[in-house]
Amino acid sequence: MAIQTPPAPPAPSRIPRAGELGTPQYRRLFGAGREVTIHWLTFLVTAVLVLAPVVPILYQSVRNQPLYAAGGAFTLSNYTHLFTSAGFGSIVLDTLLFAVLTTVFALAIAVPMAILLERTRFPAARLFGQVLRWPIYISPLVLAFGWIVVYGPAGFLTSAVREGFGWVPWNLYSLPGMAFVEAVAQVPIAYLFCANALAASDTSLENAARSVGAGPLRVLRSVVVPMLRPPMLYAGLLIFGTAIETLSIPLILGEPAGITLFSNFLYEQGIDSINPDYGLLGAASTFMLLTTIALVVFQTRLLGHAQRFVSVRGKATRSDLLDIGAWKWLGFAFVGLYVVFGALLPMLALILRAFTSLLTPLVNPFDLLTLDNFRLIFDYAPYTESIVNSITVAFVGAVAVTLFGTVVVLVARRSDFRFARLLETTAQSPHAVPGLIVGIGLFWAFTWIPGGDAVRGTLFALIIAFGIRALPSAYGAISPATMQLGAELDNAARVAGADWWRTVSRIMLRLLVPAMLASFLLIWTQMIREYAPAMFLAGAESQVIGTTAIDLWTQGETGSVAALATLQIAVTAVVAGLAGLLLKGKKHA
Amino acid sequence: MPELVVENIKKSFHGTAVLEDVNFTVADGEFFTLLGPSGCGKSTTLSCVAGLETPDSGTIRVGDQVFFDGTRRSTVPPEGRNLGLVFQSYALWPHMTVADNLALPLKLRKVTKGEQRRLIDDALTKVDMAHLRDRYPHQLSGGQQQRVALARGIVYSPGVLLLDEPLSNLDAKMRDQARVWLKDLQREVGITTVYVTHDQVEAMSLSDRIAVFMHGRLQQVGTPTEIYETPATPEVAGFIGRCNLLEGRVGATEGGAVQVELGETGQHLRVAGACSAGSSATVGLRSERITLTDRADAPHDGAVNVLRARIEQCSYTGARFEYELSIGDVRVHAESPVRHTDGEINLIIRPDDCLLFPAQV
Amino acid sequence: TADEANAAAPQAPAYYPAAYDRIVDASRRERKLLIYSNTSQTNWQPVFDAFVRRYPWLSDIRATNLGGSAVYERYYSESGAGTSPADVLANNAGPLWGDYATRNAAADYRSPEKDHLPDWAELLPGVWTMSTDPVALIYNRKTLDPDQFPDGLRSLAAIVEARPSRFRGKIGVYDPTNAYGYASNQGYTSKVAGGWDTFRRLLPFAHADHSSGTLVEKVVSGEYDFSINLSGGVAIPAAEHSGGLLGWSYYAEGTVVMPRALSVVKTAPHPNAARLFLDFLLSAEGQAAVAEGGLVPYRPDVRQDAMDSLQDMRRRLGADRVHLYRPVRVPERVREAYVARWEKAAG
Amino acid sequence: MPELVVENIKKSFHGTAVLEDVNFTVADGEFFTLLGPSGCGKSTTLSCVAGLETPDSGTIRVGDQVFFDGTRRSTVPPEGRNLGLVFQSYALWPHMTVADNLALPLKLRKVTKGEQRRLIDDALTKVDMAHLRDRYPHQLSGGQQQRVALARGIVYSPGVLLLDEPLSNLDAKMRDQARVWLKDLQREVGITTVYVTHDQVEAMSLSDRIAVFMHGRLQQVGTPTEIYETPATPEVAGFIGRCNLLEGRVGATEGGAVQVELGETGQHLRVAGACSAGSSATVGLRSERITLTDRADAPHDGAVNVLRARIEQCSYTGARFEYELSIGDVRVHAESPVRHTDGEINLIIRPDDCLLFPAQV
């Protein structure tokens, strides 16, 4: 028999006639494709969620009485009061400096680490990758305390260094010191964002650079880092906002040094004072909100031409790790130092504190071992209940916000929705509004919205409040990941017959799984330690770890606060481990 | 499936016009090819048809179903058009295996599991990829990825198939095989195909009609023979096949043919066609229609032209030898099954084989 | 459960009005009690336990522990908005009670225990003293020589002035801008003779902090040698559980006693349960439970040995050296003037 | 630049062997082509040479400089090899403009600003992309991206140039232009080039030598003429050019030729070559070496074979007509400049034009 050129096609089985299978039919809602409904729904829900706490705050900012007081009139005096407060200028400047320093420190630590651990051959990369996340597992309040124990003027390491060298090169109670601690708390965010982006990076781009003669470091500088612009900007924005809003660190580390930042200024003037000044709080929150919006707009500008950052395209490429040779050891030293001294040591101090009756360089801690701190927590039903509540809130909230945030991102970045830009700005704006004020705003929103009273004080109210605060984090975690996905991937699905929502669920969501897990983890950690909005919203049955910790803290039960934080770390580590397993399962699927 | 009509499509990106007034009609079951140089707007045209880009104006419809209407700015979304598009960049979904990539369009159409498997097997076998059905795209070579993309575009027998250089990374055998397959598919399934290629041999052998595209405009639409034998412009002639374009001045007209003086060379060429004397014109001379001969005693009967040329370079393509020749300062490309020694040579050209393009004023 | 709701009513003391049973019966239908407080769960727990032993059907009793002013602000907001789930407010931050009293939010109720208590037990109309916690100081026994252990602010001033460079920045003090901080500072300067003089000597060595947690922890770590103006409810247990690391002291020259007070609000959704709770807390049994929780009881006939009671304190320090802080409303101007003066003294 | 030596390279991915014992040497300044079907391991070979993949064993060196030594597992990193690689997937840096993409290799080589501009302009002009120098890759068409990739690989005149299907998305004219450019570059700069292509015309006309690659093994390495005229195996013959492979049984041997009986058809073919009688063999018949004639009076002088065939299908490629013929149940592909009417036809085949491959036992 003959082999032929070309060979005859194999005996044809019946193939459907052209067009026989038809177009997939989708339910049409209100006379348009269902995506139109989804887009509008997403937009409206986002708008309602964000406006709910904001509107009462805006209203309060132009009232001369607390909202609960009868009477009162419109006024602009809150704003004049704010801007003419003693030292307002220097407070704003200090705050800016603090926020900028924090952002710079956090990115300077996180970005190289993410690159080293994700993109290069690095010893024990996985272990380091886990450990350096630990600081976000606990609230900055507790973390700051851990830092004081180790690096404070009478801290363990400070005492040791002072004894050894007669001089200590750091000062925790200073603006850079505070910024550093805050940065350590925020490093995991930037790390997660960048590591995610790097995991989905296109190695052929790196290979191309190497083949034209770029050494590993040059590859990092010219290709890897520039491609990281989206995650860096999103992380930067989040960190900057958090730094402006955060209270614990200015309060605990700033106060002793007489440093007043915007947040503790507000706390003292507005919340903790004998006569809380709600008008001032409203005005200040409005001011912070506008700042955030300006930053978001600026960020959007920097990220124009999103296709410049696409790394997952229709032509698949293989991935490989960079070998940076001897630089590896420098990197190892950098990561090692940070992980040991930045993440681990304060954390260990904290854990040790949880198991001792006292922790001081003055007494050998192993003489003071006790389980009393845990006993205290487990002895009181409301405390244990608060742990269960927190886990519930954090789990449900993290899942819900991640899913919702993903849809928001996809509507904002991957659809032809008319108000996509506005949606993006809206979703990112609640970030810098202080938590307590979100709580107060929502409190009034629940009061004004029919049926809201039933929600107020329940865990559901907390999920909403925490969720609003966490939405920007979800957005920041997922948006850069979508930017990496080439448009041809959605286009191919659309042409194959998937409508927008199908494309999202079949293609986008699957490709975004790692980013969604990062978002889940981030929001979980954020929610499990959150307390500020709960001060006004949590009912007697809906106390959370955060409020319990504050309760214990104000009563001087530091050991139990540490014990609570230890539990929090343990639970979170388990959750993070499970999430990691899920991700790995996905990868091998 | 009724005909696909594209009318007056315009499209520009940030002010750069990419498509200007594109018009064509593809009949039911026709194999229609867009041929044109790189960057002329072929992919953009396909994207507009598929609904991935919105034209600035114009109309696109399939039969009565209007996909896009520039005046009312109504669009049918891509998923409502029941098209198959094979992307130039493949656009494989990286998180799915080869088989899953093919399964998605079938799942969306609610094809039963068994039927899915059968269709997928069938499509993959045709592109010789059945044994790699469980690989992920990043585990495939470039050509293998392209074959998967091709199979995915076809597996669900869409009404209109849009192919954007679907064979560019395949070897000759595989291309032949795929071409046979595409042709068969078109015959059996009656699919209407719009095919983008840069390979004119492919275009010629597959297409019912070809549209030659340049700078965002259609230059000529016609059957392969029309395009090849009677190109509308020198550009088309130059683009399709190897065609030498020689500038000249029209001299005497003699019975359905004109005498053209070739530039500075002093040599003349009799060319079939009509053109006013004294005007300048371009003569197209296909390289395979030039006969090379060593013999000094070339026929001088006047029925054919005999030009004298120098061999500048000769290269071997297996089937043929290709020559770079010079007639004075004019370069001419020719081919011949025989190897000629270097030096001077005679070119024999029939007036009927020359294409005459009067200069545009 | 049904069993609890039907439990036999405990015998009320003879001096209670006959109609008291009606309150008790009504409380069976209420079942619940919610307190907004800034008192920790450890302080509350023995009280709750004893209360529930007495009225088993009221086992659903909870304290939501908030910051000092949040207790009121949250209640005002809630009631301003219509309803508040709170029955009782409890707080040790004096000045805020002054403001509370002017709002006339307290339920109109005269406790049958009133006659068995000091006349100041009802601090303001409807605001009842729950415990009388002293303002105290703690110090680190490891970083100090035994002769540097203070027995009050005046002796502390002498100690630090003896070695100014050693003690610069080594005293922690409650910041006067917040409610408890204001009360503890202002109580001392107004009640104790030469209070301002002592402050002028001390404050230059001090750092202000915002919470007891920080103040205690910094002494533990050795960052501070002393923390002053702490609530006894925090300071004394902390020192006692420190394994000898911390010492504590009243102020020998004059100790301010900061009443921790509670009030049943008018809008209480469980008014009867709230009344039972108030009466119980003021009773001898309730006061013993208060002591067990680490707070200082003041009822003369209370029997307990968990804490120094107010009477013990008087006995130990001399009755004229124990000053009761009486909460009043502090106008903003006054507070600002005070803070300014304080900050001037701190330098 | 001394020669590039690849010795005994093996490579497998997760247990699937992709390269098995690949050996070749590319001389200094040589233009060497890897030709082979899709998925045979061409790109993997280039990656190994470039240092982007590590072979499992073998040696790769350029002159004395050992790039990779499987026994000592020492590798020179890609950036130490001074190669240029044009990726099949382009791998343009999406965050850089076209000009910046080209500038990076120059910057790394500390070329002065002015010189950079000159070189970039030069390279971009050659691929006709100078006017798009400030665009980002995503604003370019597929072919334009490919041209940028090509320009980037060449702009810094690397010692060894590795090209992975660099012209696959370009039209014929652009390809010709690029080919001329590559050839010139090689001549002028003396660059050693390893070229991967699926287009054998390209391979034939550009290459000094060609390596035919199949299933991870080199089948034959030789000059284009060698490969075309004396393919080592039927597979090579079948892959290079249009070659009909006919199975037959060897009959009588007569003076440097054998008589081969073609399958069931009853027709015979005289084929130059030697083979033991009675064994089976494959005859390779290049389609362009078959002359089609309508004339019944075909020469019957015995010097040539005359076979009778049916025309099954005829297609037009512009320059030629292509035919699908059948001799009994054997399909044969042939081409002719003339259009023949349907029906029966004679094939004239010279014994010297047949390739004889004795069956392997």
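Couple of notes before you dig in:
Which chain is which? They are A, B, C and D, in the order written, and residues in each are numbered from 1.
One rule holds for everything that comes next: contacts are C-beta pairs under 8 Å (C-beta built on N, C-alpha and C of every residue); 3 or more make two chains touch, one makes a residue touch a chain.
The chain lineup, named per UniProt: A = ABC transmembrane type-1 domain-containing protein; B, D = ABC-type quaternary amine transporter.
Nothing here was measured: the structure is a model prediction, and the numbers come from that model.
Set against the C-alpha centre of chain B, every other chain centre is closer than that of C.
For this pair, chain A with chain B, the centres built from the Cα atoms lie 53 Å apart. Averaged Cα coordinates give chain B a centre that lies 91 Å from the centre of chain C. Mean C-alpha position of chain B lies 22 Å from that of chain D. Centre-to-centre separation between chain A and chain C, using Cα means, comes to 38 Å.
Residue positions 89, 238, 242 of chain D are each in touch with at least two other chains.
Residue positions of chain C touching 2 or more other chains: none. In chain A, the residues that touch at least two other chains are 5-6, 315, 317. Chains touching one another form the pairs A-B, A-C, A-D, B-D. Interface of chain A with chain D (complex): residues 1-6, 8, 202, 204-205, 207-216, 218, 222-223, 226-227, 229, 305, 307-311, 315, 317, 320, 323, 325. Residue ranges of chain A in contact with chain B, taken from their complex: 5-7, 9-10, 12-13, 15-24, 26, 33, 312-319, 486, 488-489, 491-500, 502, 506-507, 510-511.
Here chain C touches chain A in the complex through residues 34, 38-43, 45, 62-70, 73-74, 76-77, 79-83, 85, 95-96, 99, 140, 142-143, 175, 177-179, 182, 207-218, 220-223, 230, 233-235, 238, 241-243, 245, 330, 332, 335, going by the rule given at the top. By the touch rule above, chain D contacts chain A in their complex via residues 50-52, 77-79, 81-85, 87, 89, 91-96, 104-105, 108-109, 136, 138, 152-153, 156, 158, 234, 238, 242-247, 262-263, 282, 329-333.
Chain A contributes residues 66-70, 145, 148-149, 152-155, 159, 251-252, 255-256, 268, 271-276, 357-363, 367-368, 372, 376, 379-380, 382-383, 440, 443-444, 447, 453, 457, 535-536, 538-541, 543, 547, 550-558, 561 to its touches with chain C in the complex.
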